[in-house]
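Shared between the two complexes below is chain A, which pairs with chain B and chain C, respectively.
Let's turn to the complex of A and B:
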């Protein structure tokens, strides 16, 4: 336990987790994402919490069996879209194709990408 | 002549089916009985059992198309028989049944395996296309086939039937379209619901031009007038806001609770009657039509149960606003005199002044209210607290910004990025299959279906937009009420256009009706209320001299 707590310390620690995490889709596509961008999702944030004993936190690798590569691609695009424009006044629209909308709706619901979580980063 | 002489003798006449018979013209021709043979298509043979044609056995699938002919096979005799010359009656002739190319030489007795006759069984064809009403077997037979095709979808609601009243309304609309009448009178028809399809037809109205001699043909846009007064409508069809030529819309005496923000699409609207409904607020987008350049010149708002600001006092003192004297209570008519030529279009017909704002209600993307303050527009509330007021009217401002800060926290900054949930919903909203989408996610939790249902309903009503940036939104994260006071203006100019006078008079004379609530929706934190930027005056054209009118007929 002590070792785990020390690992969750400040970023200057050499044993600090890497800046990037890997998200894996059900059909095997891997996406390397900025950790800070991915942590907008409270689910991923919980998975990657170093204090937890999850395997995801140790490997910085989250597998989403129920998401296809196409959907996870859009989710990852959104993470970076949010990261890029979170502080700007003028936010352009991100295009979401209609044929993906239902799957993305379910994915967003699963990942907790809700307005309430948007406001408190 | 020759023929007639020939017929005096007994002649051999070849008749149907190839028989040569000898006839006398005086006698009735006697046909020999048809042979008791039948052509069997399966075996390519004659059968002497029955003349009934054999039943085609489709399931065997071995019959070539050549052999499928429903008519009786041709029967012919061998004309080129050398024995024909010394023909004597009664001589047995060789008879063949069937076409010549189906006759096989006697030597060819190789068994044709394909043409083996299959045992006939009494089974029923499913797709025979013939069934009897009393035949109960059809249902069970088809049911087995359909069960495996069923998709795992939720049961869909039955389509709503059109009511009698709407049928009558539709008939009237068709009449108007036929005759080119621009005034569609649907007064007091007992309408409870009006579907999009009924109203949509009005978009196709074509103005029938007035053609006479010596008058130039001028194409004119139709000026549609729709009167839906005195019905029982609780919802408006969204397609009514797509009627760009709508000039007059009367909704008086219905049971409407909310005017959709899509009203701002009706740019040509001149007359709007909203009286005697159940409106608790108006959309902020209605103010677009009241702005300078808007055509709306006749707006009727009362009586409606509008939400009133808390602490609105009835006795209000007149206050001095700059050099202009204005009155915050429904005051008398005010005259503005301008010593310069003016156009009537410089002055809007309705002037509005900002009075105050309610606290802001915050929602998450699911529509759950997070803030302490709840606008509760559905419930029967009549008073809401005031958070920020213009201080010119006796509104008791509460100044409770805790809702704003409690959500923002101390160090975090609100982001203008919409949530992915909202963005996916907007994408669903663009789909033409939006009403059916909720049935495609059978195993998902119910709240997603609820959201899709909500989006579908909003699309039906014409959609919601952000009051600030005009983007389409599904679940507004923020909404609040702003109260405004209205005045009507009248423009006068003297003949030489040296000066102009604008009379403004209060919209209402009842002190409890001054504040008109307008609902604002914002898509993100950036589009939130901007109280400091608000212009709190009447926005009269500059350079006027304002004074109170003693009596309206001053000039």
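Let's turn to the complex of A and C:
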């Protein structure tokens, strides 16, 4: 297993859900992401809802079989981009590699990262 | 090899002064290198060089002796002495060497001599020191203020260092690649490692770089133009981060030429791409195939102005399963295209045609006769003289399943056509915007006949429609969700109040009554007859539909009073669904009313207040867009000051 974006705050209070969640791509790359940032996707938010009793919510770990590591890497980058700029008005655009464009678009659609679905408040 | 360098270039006059301007490091470095090189020269090609040196009054033997002495000294001093100081330690040597330099200063290539390497290490050390010094300097801090990232620290310091250390135009410098000495000009090209290049090397490098994309300018965050960009985005209705889907679609639109097919993306994304393509005028005959595949069932072309009639025909050739077809600016959609469509067995459910002026009336009739049965939606815009009363009259016979009909800007449609629409019992959505003003009677007749099941009723620019039309709506419509009546000059406040009072229709979610107001240039503020949507009508509207409304447009309904607004948006009332509110040119809107709106509409996204001159200094909650604030600063978001 290849672990990227490793985070330092994993050993938090065990009773409270960790501040981080793990997203896993189809080809086995793991990304540890701030829970708060990943929740911009309504799909991931639903998966991680503690009331849902999904396995994802218990382990704080979501596996996306249909996404490659490359695509998930960009998605994770977007989560952080969103998290960083969520309170600012003047935001530079994030760069999207042209060759990943269509795959990423499909992934964005799957994760509900569309203007209509994302709550900006 | 070095000999040729020496011979090919005339000796340069280098004296101690010139070294001074290069600084002690450079001077000693050159000296050190000279020592190494001259020895090599002498060892390899003695006769030619000796002749040459002799002609310049230099003794080769002496040079060799000097070099030996220097090398020996270097070995002795090696462990303890700082090589950079060498020049100053032995001032006599400098004079001697300057003569040597005259000969072969052009051949200053990085030598393997230990002294040279060491002096370069020292130079690197010195550079690091200089960088640290720069980082602490004022100029650095000033620059840093503009860029907010820590990661650029080093880059900035490096840039300042290079600015300071790069020789000015007119001075001499050694080319970074070939090592030749040349005069620096303002056009000298920077080499791969930051040094300057001589003219021939510069040209080579420029040629190499031509193919590569230019370095992208870093996007400005703040400063010039950012405010305007922000305001412009606000008018488009979004602030803050764009969604990932939007970013992808934008990237795609920037690189259309690279895309071969869009793959199997869901329909709504294809539509999103189609929109942005048209917005950027990218939809051309060569990009059309991206959207027309044999499996395509829905095709929306938002700007077909660049398509010829052959391209339209090709759409029907390729997409044989087409169900929903929409083209705007379809100028070249003419008879030939329609003929082709008629020859295929494509059965359209939805047909939207905008600006097809060349399509004749006969072809319209042929089309309706042949394909009308499957047609559920028909939207026709700006086809001037070829789609009129007669065509509308045929719909009853040919299109028994028609549920949506929209006719806009067609000069040939008159009251006769409007009454004919009344004969379409399957109709659910009706929109009219006609060039010929429809009479109240025609509208009334139409509504009474089809109004019962209508979901959408939209009459744009109907100056003659009066209270009897509202009464007809009140009496017949039972399932309306969207109501639009604009620019009526005769409807009264009472009529509106009566429409919404005890109306058996469920609450509406879309209401647009813009510009229903009294027009009298002589007495613009007086409204003795209560014409247009005024206070009572507005209160009745909000009472009836307020809790379900998503979009409300009362643009320029100028006689809605401050009290009415305060009553509607006051107290404990709540409008949970309201997303967009257009109250531009409602003169009585104040800061207090806006504050009440933000409080009573928890999901509000956008409020337009153009021309509301009493709006002065309102704080807008985060996530809400307030457009048209009548001052230069624009909207101020809560908590930003």
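Brief remarks follow.
Here is the rule we use: the second predicted complex is superposed on the first by the 104 of 121 C-alpha atoms of A that agree within 3 Å, B and C clash if a C-alpha of one lies under 4 Å from a C-alpha of the other, contacts with A are read in each partner's own complex, and residues count from 1 in each chain.
In this text, a contact is a pair of C-beta atoms (placed from the backbone, for glycine too) under 8 Å apart; a residue touches a chain by one contact, two chains touch by 3 or more.
The model shown is predicted, which means the values in this text are computed figures rather than measured ones.
Aligning the two structures on chain A places chain B and chain C in a clash. Once the two complexes are overlaid on the shared chain, A:19 sits clear of chain B and of chain C alike.
In the superposition on chain A, contact is made by A:96 with both chain B and chain C.
When the two complexes are overlaid on their common chain A, residue A:51 makes contact with neither chain B nor chain C.
In the three-chain superposition, chain C clashes with chain B only at 397-405, the remaining stretches of 91-99, 325-333, 397-405 or 505-513 being clear. On chain A, the patch touched by chain B and the patch touched by chain C overlap at residues 75, 78, 81-82, 85-91, 93-94, 96, 98, 101-102, 104-106, 108-109, 111, 113-115, 117-118, 120-121. Interface of chain C with chain A (complex): residues 219, 221-222, 226, 229-230, 238-252, 254-255, 258-259, 262-263, 265-266, 269, 622-623, 637. Considering their complex, residues 75, 78, 81-82, 85-94, 96, 98, 101-102, 104-106, 108-109, 111, 113-115, 117-118, 120-121 of chain A touch chain C. The part of chain B that touches chain A in the complex is made up of residues 363-366, 370, 407-409, 412-428, 430-431, 437, 440-441, 444-445, 447-448, 451-452, 471, 475, 477, 524-526. Chain A contributes residues 75, 78, 81-82, 85-91, 93-94, 96-98, 100-102, 104-109, 111, 113-121 to its touches with chain B in the complex.
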